[in-house]
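Order of writing sets the labels: A, B, C, D and E. Residues in every chain begin at 1.
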Amino acid sequence: MSRKKRQRPKDVKLGLPPGSAVYVGQPREGGVHVRAFCYDPQGVREYSHPDLADLPKLVAAGRVVWVDCDGVHDVALVRELCERFGVHPLAMEDVLNTQGRTKLDVFDGGIVLIALDMVTAEGQPPEAVTEHVSFLLGEGFVLSFQEGRSGDLFDPVRQRIRGGTGKIRTMGPDYLVHALVDAVVDGYLAVVAVLEDRIDASELEALDVTIQDLPQRVYALKTELGAMRRAVLPLREAIVRMQRGEVPHVGRAVEPYLRDLSDHVAQVLDIVESDRERLNGVVELHLALQTRRMNDVMKVLTIVATIFIPLSWIAGIYGMNFDYMPELRVWWAYPATLASMVAAALGMLGWFKYKDWI
Amino acid sequence: MSRKKRQRPKDVKLGLPPGSAVYVGQPREGGVHVRAFCYDPQGVREYSHPDLADLPKLVAAGRVVWVDCDGVHDVALVRELCERFGVHPLAMEDVLNTQGRTKLDVFDGGIVLIALDMVTAEGQPPEAVTEHVSFLLGEGFVLSFQEGRSGDLFDPVRQRIRGGTGKIRTMGPDYLVHALVDAVVDGYLAVVAVLEDRIDASELEALDVTIQDLPQRVYALKTELGAMRRAVLPLREAIVRMQRGEVPHVGRAVEPYLRDLSDHVAQVLDIVESDRERLNGVVELHLALQTRRMNDVMKVLTIVATIFIPLSWIAGIYGMNFDYMPELRVWWAYPATLASMVAAALGMLGWFKYKDWI
Amino acid sequence: MSRKKRQRPKDVKLGLPPGSAVYVGQPREGGVHVRAFCYDPQGVREYSHPDLADLPKLVAAGRVVWVDCDGVHDVALVRELCERFGVHPLAMEDVLNTQGRTKLDVFDGGIVLIALDMVTAEGQPPEAVTEHVSFLLGEGFVLSFQEGRSGDLFDPVRQRIRGGTGKIRTMGPDYLVHALVDAVVDGYLAVVAVLEDRIDASELEALDVTIQDLPQRVYALKTELGAMRRAVLPLREAIVRMQRGEVPHVGRAVEPYLRDLSDHVAQVLDIVESDRERLNGVVELHLALQTRRMNDVMKVLTIVATIFIPLSWIAGIYGMNFDYMPELRVWWAYPATLASMVAAALGMLGWFKYKDWI
Amino acid sequence: MSRKKRQRPKDVKLGLPPGSAVYVGQPREGGVHVRAFCYDPQGVREYSHPDLADLPKLVAAGRVVWVDCDGVHDVALVRELCERFGVHPLAMEDVLNTQGRTKLDVFDGGIVLIALDMVTAEGQPPEAVTEHVSFLLGEGFVLSFQEGRSGDLFDPVRQRIRGGTGKIRTMGPDYLVHALVDAVVDGYLAVVAVLEDRIDASELEALDVTIQDLPQRVYALKTELGAMRRAVLPLREAIVRMQRGEVPHVGRAVEPYLRDLSDHVAQVLDIVESDRERLNGVVELHLALQTRRMNDVMKVLTIVATIFIPLSWIAGIYGMNFDYMPELRVWWAYPATLASMVAAALGMLGWFKYKDWI
Amino acid sequence: MSRKKRQRPKDVKLGLPPGSAVYVGQPREGGVHVRAFCYDPQGVREYSHPDLADLPKLVAAGRVVWVDCDGVHDVALVRELCERFGVHPLAMEDVLNTQGRTKLDVFDGGIVLIALDMVTAEGQPPEAVTEHVSFLLGEGFVLSFQEGRSGDLFDPVRQRIRGGTGKIRTMGPDYLVHALVDAVVDGYLAVVAVLEDRIDASELEALDVTIQDLPQRVYALKTELGAMRRAVLPLREAIVRMQRGEVPHVGRAVEPYLRDLSDHVAQVLDIVESDRERLNGVVELHLALQTRRMNDVMKVLTIVATIFIPLSWIAGIYGMNFDYMPELRVWWAYPATLASMVAAALGMLGWFKYKDWI
C-alpha cells in the first residue's frame, strides 16, 4: 500500500469547534463528478450531474436513490448535498476527512455513516493505492463518496443496477450498501493477491543468501500488511453490528448477504494473518541461513589460517640469518622440514575432521 | 500439507452478484461419482449413479438419505442436486468454492452447511493432501461433497452403514454428519502423526550442527502446522454451536458424541500447539548450538593466530639483512631465540588457560 | 516525552491518612493564576483573580461556571477552592498529585474527577513536555487545574467561549469538559506527529549502517511511545464510561461529541500502535543489515587471508637458508614458483566463485 | 517428565464406532489389582480382589463405596466393572484411553468422569513418570483407575480412610474424589520441586560460558514445563466447574476444600509460569554472556593481529634480497627499525586504549 | 526481592488431611509478640501480651478490636487465638503457610482471610525483603499476622489509632484492614522506587559496552519485577471483590478508600509493567551496541589484515633465495617495490572508503 503521507486532520482544524466542514486530504484539482441512480424492480433512471435540489424529491417508498459522488474536495458541493439529505454536521466532517479511520456510526436522525479505506492495485508492477470511501445510508437513499483518484471498483455495481442483474433492483438501499462494501472487499482480495505474490518471491529469495535487499523488502511487506490489517479489522466489527440488526435501515433480508460479506472479510484477515506469520518465518529462515553461511566463512578462514600460520612460522625460523644454525648445514634438513610441515598440516586437518569442521 | 495454490475465488467471480454458482478450484477431468444411501434401523439400500430426480422422494420420517457426491467440478450436476433438495444459492456457492474457509452456516429453509478441509497423508514419504469437503444437513437427509482427488476417508462410515455396526443406523442424519466429521478429524490425527515424526527427526538434527537444511525444514513444518491450525480452529467453534443446540436438525441424542468429537478436535489443536512450541524450541536450540560452535571456531583461530603471529614476527626480525646485527654472530643467539619463542608460546597458553579459553 | 522524574507520591505522604491535601510534584515558584468564566447562551462574563468565596454563588440553572486554575502548587488556594465547591478530600488529593494516573472517578456528592496527562511539543527541535491536568465536573460548574509550566492548549476553548463560536455557549458543563479533553487530545496528536517525524528519520537511517546512534534513538522513541500509550489508554475507558451515561452530569446531548472524541483517542492509539510496530520493524531491519554487513566484512577478510597466507608460506619456504635446496639453483624455479602462486590464487578465487562468495 | 511416546488412539481405533471399549496404551503384563473400600462414619470394610458382582450391592445411603483399580489393561475386567455400575460406554472408552486429555465430563445417568495425568518423580536422579488416572463419581460410589506402573500417590488417602483421620469418613464420595485429586496435585508439586532444582542448577551454569550442554538442558526443561502446564490447565477449569455446583454428586459441603484444591492447582501453574519466565531469562542471559565472550575473543585476536601483522611486514621488507638497499648498510638502521617497531606497537596500543578496547 | 527459598508446603504436609495447622516457613527463634488495640471514636486501649482468652470478650458493637500478632512460628499460640475467634481450620492453615499466594477468601462463619506478601527495602544498598502477612476480618475484629522478620510497616497505622489522626477511629474494622493493606502497598511503592533506581543505573550502563555484569543485573531485575508482579496481581482482584460489596464485613463507607487503594495498586502494576518494557529495551539496546562494536572490531581487523597480508607476501617474494631473480640486481627495483606497496595500500584504503568502511 503506497503510504500516503498522513496529514493529521488536527493540523488543519486545530481550534475549530467539532462539526466544522473542512476538507482534510491532499489538495486536488478537477471537478467533482456526481451521478444519481433512482431504481425500483421495474426500472432505473440515471442522472449525470443532477441538480442537487431535486435529489431528495426522488426518494419514495419502494424505490432506492443512490447519489454517487466521485471526489470530495469540493467542500461546498458535499455540504449542500449532505444538508439536503439532512446529514448531521459530524457525519459530514467524517465524509470530508479522507484520513479518518474505518468505522460505522449512527447519527441523530438515523442516518448511518460507513467510512472505510478502499485499496486497489494499480500500475505495472502493481502498486497499492489507498482511497477513503464513505457511505451514508438513510431511509430510501444511499450517498457514496470516494476521492476519485484511482480506478473505480463500483462499476460492476452500476452495471448490475443498469442491467437488473441479480437481486440488486429488487432489494432496498441496505443491499446496495452491502454491494458497495463487497466491491471494496473484492479490491482488498485483489491487493492481497499482489502482496502474496511478492511474499512468494521473498520466500524464494530467503534461500538465496546473496540477495541484497531482502530485509528492506520484508520490512515494506510487513508495513503494508499491517496497514491492510488496520484497515480491515474495524470493518469486521461494523458488519457484525449490521448483522445483529443494531443498525437502522438494515433489514433482515440482507442478513445472509452480510454473512457472506463477513466471510470475505474474515478471509482477508486470515490471509493477512497467515502472511504475517509467513513473513516472520521468512525472516527467521533468512537469518538462520546467514548465520550458517557466516559459520562456513569463519570455518574456512580458521582452517586456512590455523594450518598455514604455524607453517609460515617454521619457514620463518629457517629464514633467520644466525651464523650458528647447524641444521641449515645438514643435507637432509630441508626435506625433513618440508616433511614435518606436511605432517603438521595433515595432523591439523585430521583434528578438524575429528571436530566435524570439514 | 502440500500448499495448493490458492485460486482466489474473486478472480473468477469478480463482478458477479452473490449466489452465482461457479466452480472455484483446480480444473479437473473425469466424471463425478454420486452414490446414495437410504437407511433405517431395519435395513439399507444403496444407489450408484442414481437418478437425481428420485432422490428427494426417498426422504421420509424415520429414515436417513445420504447423497455422497465424489467430485464437485460438474457444476450442472451439483446445481441440480442442490436445487432438488431446496438448497439456498449462497450455500451452493460455498459447496462449489473449494478454496473457502471452514465454517458452519444455517441458511433460510433450515438447511445447515458445514464446510471444512480434509487433510490426508499420502505417498511414500507421506505427504499431506488437502481437499475441501462440505456437508448439507436437512430434514432427513445429508448431502456430502468432496473433491475426489485423494483417498477416501468416508469408507469406514459407508461400511458401518452397510453392516449396521454400532448405532449409525438407529440414529438420524445428525449422527451421520457427526460420523463424517469424525472421519475427517481422524484424518487430521493421522497427518499430525506424520508431522510429529518429522518434528522428532528435526529435534535430533538440531543437535547435529553440520546438518545443512534444518532451517528450511523447520520453516516448512511451521507453515504446515499453521495451515493445520487455521483449518481446525473454526471447526471447534462449529462443533460448540452444534452442542449448544443452536443448529437445526441436530438433536440432543448426538450431544455426547459431539462432545467426544470436540475432544478429538481439542486434541488435534493441543498437539499442534505443543508442536509449534517444540519447533520454536528446536530453532532456539539450534541457534544456541551454532553460536557455541562459532565461538569454538573463533577461539581456535584466535589462539593459533595469537600465538604464532608474534612468533613469526620474531623470526622475521632475524631474517632481516642488516649488515650490523651483532646478535646474529653470537653462537647462543639462535637457541636463545628458540627458547624465548617457546617461552612466549607457553606464556600465551597459560594466559588462555587462565581466561578459561582452553 | 521528556521523562519528568517521577516523584513517588508515597515519598512525601508515607504514613499520612488518605485524603490529606499535599502537593506532590516539582517544587515551583510563582503565583497561581485563577480565572473564572460564567456564561450562558446570551453572554459571558470573565473574572481574572476572582474572590473564591463569590464563585459558588455564580452557579445557577442554565448557566455554566468554569474556574480555570493555572498552577496547583499553592495548596491553600486549591484547598479553599475545592472546599467551597464541596469537593471530596480524596478528589482534592488527586488534583494535587501531579504524578497520578489518568482516571475518571465519581465521588460522593456526585462530583466527577477527570485527571489526565497533557502532552505538548515545545522548543526547537520540538520536545514533548508532560503536565498533569484535572477537571472537576459538578452541577453547573467545571473546575480545571493545570500545572501551568507549558504552553496553554485551552486558549482556543476560551476564545470559543468569549466569541460564542460553535455550540459551546448553548450547552452545559459536560460539553465544556468535552471541549477541554478534546483540546488535550489535540495536543496528543500534535506530539504524535513530532514522534512520527522522528520515526520517519530513523527509518531512513536504518538503511545507513554507518549511523552511530540509531539504537539509542530507537530506544528513546520506544520509551516515549510507551509513555504516550500508558497516558492515553485509560482515557479511552473514561470516555466510554461517559458515553454509556454512567457518569453524573454528563447528558445525552454530548454523546455524539463524545463519540467523536473517542474516535480521536482511538486514532492516537492506532498511530502509537502502528508506530511501535514500525519501530520494531526498523530495529529488525537495522539488525539484518548489520548482520549482512558483518558477513560482507568477514568474507573480504577471509578471501584475502585465505589467498595470501598460503602464498606467503610458499615465499617463506624459499626464503629459508638451508645449504642444500637444489631448486634454488635452477633457473626456471623462480618463474615456476611465481606461476604456481598465481595458479593457486586463481584456483582459490574460482572456488570462492563456485561457493557464491564473490 | 519422561516423554512417553504418544500412541495416537486413532491408530488403534480407526474406523471403529465411538464407544468401543479398546485399551489404548503401552502393552502391559501382570494382573490388575482391584481393591474396594466401603465406609461410613462408624467404620470401614476393605475388600481385596472382591467379586465384582457384589460391589454395586454395597452402595447404600450414608455410605461410600470406593473401588480402587490398579491397572487398566485388563479390558474385560474394566468393562465388567463399568457395566455393573452403569457407566456410559463413552466414559469407559475414556478410562481405557491412557493417552487422553485431562477433562471432566458428565455422562447420561449423571456419572461424572474426571481424567487426569498423574506425574511422580522417581529414581535417582529423580525423573518424572506420567500415568493416566480416571475417577468415576456416581451416587454413593467412586471408581478410580490408574495404570499401576509407578509409585502409589493414593496410599495416604487409604491410610486416612482406614484410620479415620480427618473428616474423610464423615463426608461423601465427593470429598473422596477431592482427596484423590489433591493427592495427584501433591504429586505435581513434588515434581515441580525437582524441576525447580534443575532450573536453579541451569541458572548457575548460565554464568559459566564453558558449560557445553546448557542449551540442550534448557530445551528439555522447557519441554517438561510445557507438558506440565498442558496437564494442569484443564484441571483448573474442571475444579471451577465443581465449585460452581454444576457437577452432579458434588455438594456444597466440599466447596471450601475444592477452593483449597483450586489454590494448590493455581500454585502449580504459578510456579510453572514463573519457571518458564526464568528459563527464558536464563537463555537470554547465557546468550548475552556468550556474545560478550565472543566480543572478548575477537578483541584479543584483533589487537594481536593488528599490532604484529604490520610489524611482520616491516621485518619482511628488510628481509628482501635486493642488491641496492642502502639502508641495510648503515650501522644504526637495525636499532632504528627496532625502535620504530616498538613505537608503532605503542601507538597502536594507545589507539586501542583510546577506543576503550583494552 | 531477595528470593527466599520457597519451601514447598507439601514437603512438610504430604499426606496430612487439609486443615491441619502446621507452620510452613523458615524455622525461627524468639517469641511471638501479640498486641491488641480496642478502640472506638471516644478512645483507645492498648494491650501488650494480652491474655488470649479475654480478647473475644472485648468485641462489641461500635468498637474495633485489632489483635496484632508479630510472628507466626508459635503454632500453639496462633491456633489458640484463631480458635477463640472462631476461625475455620483451613483459614488457620493459610495463616501458618508463609509460602502461600496472595488471596482473599471468605470462610464459613463469614470470616474473611486476606493473605499477601509484604515487601520492604532494607539495608545499604537497599535490598528487598519479602514477608507473608495475613489479615482475618470478622464482625468487629481484625486479626493481623506477620512473620516479624523485617521492619514494621504497620507503625504509622498504630500511631494513627493511638493519636486518633484521620478517620481511623471513627470507622469500622473494614477501614482498619484497608489501612493495613494500604501500608503494605506503600511498602511496594518504596521497593519499586529502589528497583527503578537500579533500572536507571542499568540504562546508563547499557550505553557503556565495557561494563561486564549488565546481563546478570538485568536478569536479576527481571526476576524481581516478575516476583513483584505476581505478588501484586491477585491483590488487585481481591480489592475489586471488596469494592463490589461481595465480601462480608466490608461496608459501603470504605468504598472510596478502596478505590483509592485500588489506584495505588494499579500504579504499582503500571510502574512494574513499564519497568519490564524498559528492561527489555535496555537489553535490546545493549545487544545492538555490542553488535555494532563487534562490527567495528571486525572492520579494524579486516582493514589491517587485508592491507598488510598481501604486502607481506610481496616482501616474502623478494626474500626468497633463488639464484636467478634478475630483478634483485636492478638498482631501481627496491624503490619500485616500495612504491608499488604504497600504491596497493592506498588502493585498498580507497576501496574501503568507497565501501563506507572507514
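Just so we're on the same page, a residue touches a chain if its C-beta (ideal position, glycine included) is under 8 Å from a C-beta of that chain, and two chains touch if they have at least 3 such contacts.
Everything numeric in this text was worked out from a predicted model, so none of it was measured.
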{"item": "Length of the line joining the C-alpha centres of chain C and chain E, rounded to whole Å", "value": "26"}
{"item": "Chain centre separation (chain C, chain D; CA means) in Å", "value": "42"}
{"item": "Contacts with two or more other chains, residues of chain E listed in rising order", "value": "291, 294, 298, 301, 305, 309, 312, 316, 319-321, 325"}
{"item": "Chain contact topology (line, ring, star, complete or other)", "value": "ring"}
{"item": "Chains in cyclic order, anchored at chain A, direction fixed by chain B", "value": "A, B, D, E, C"}
{"item": "Residue ranges of chain C in contact with chain A within the complex", "value": "156, 159-160, 165-168, 179, 182, 186, 189-190, 192-193, 196, 207, 256-257, 259-260, 263-264, 266-267, 270, 274, 277-278, 281-282, 284-285, 288-289, 291-292, 294-295, 298-299, 301-302, 305-306, 309-310, 312-313, 316-317, 319-325, 356-357"}
{"item": "Interfacial residue positions of chain D with respect to chain B in the complex", "value": "6, 8, 10-11, 14-20, 88, 90, 100-101, 103, 105, 107-108, 209-210, 212, 214-216, 218-219, 222-223, 226-227, 230, 283, 286-287, 290-291, 293-294, 297-298, 300-301, 304-305, 308-309, 311-312, 315-316, 318-321, 325, 328-329, 331, 333-334, 337-338"}
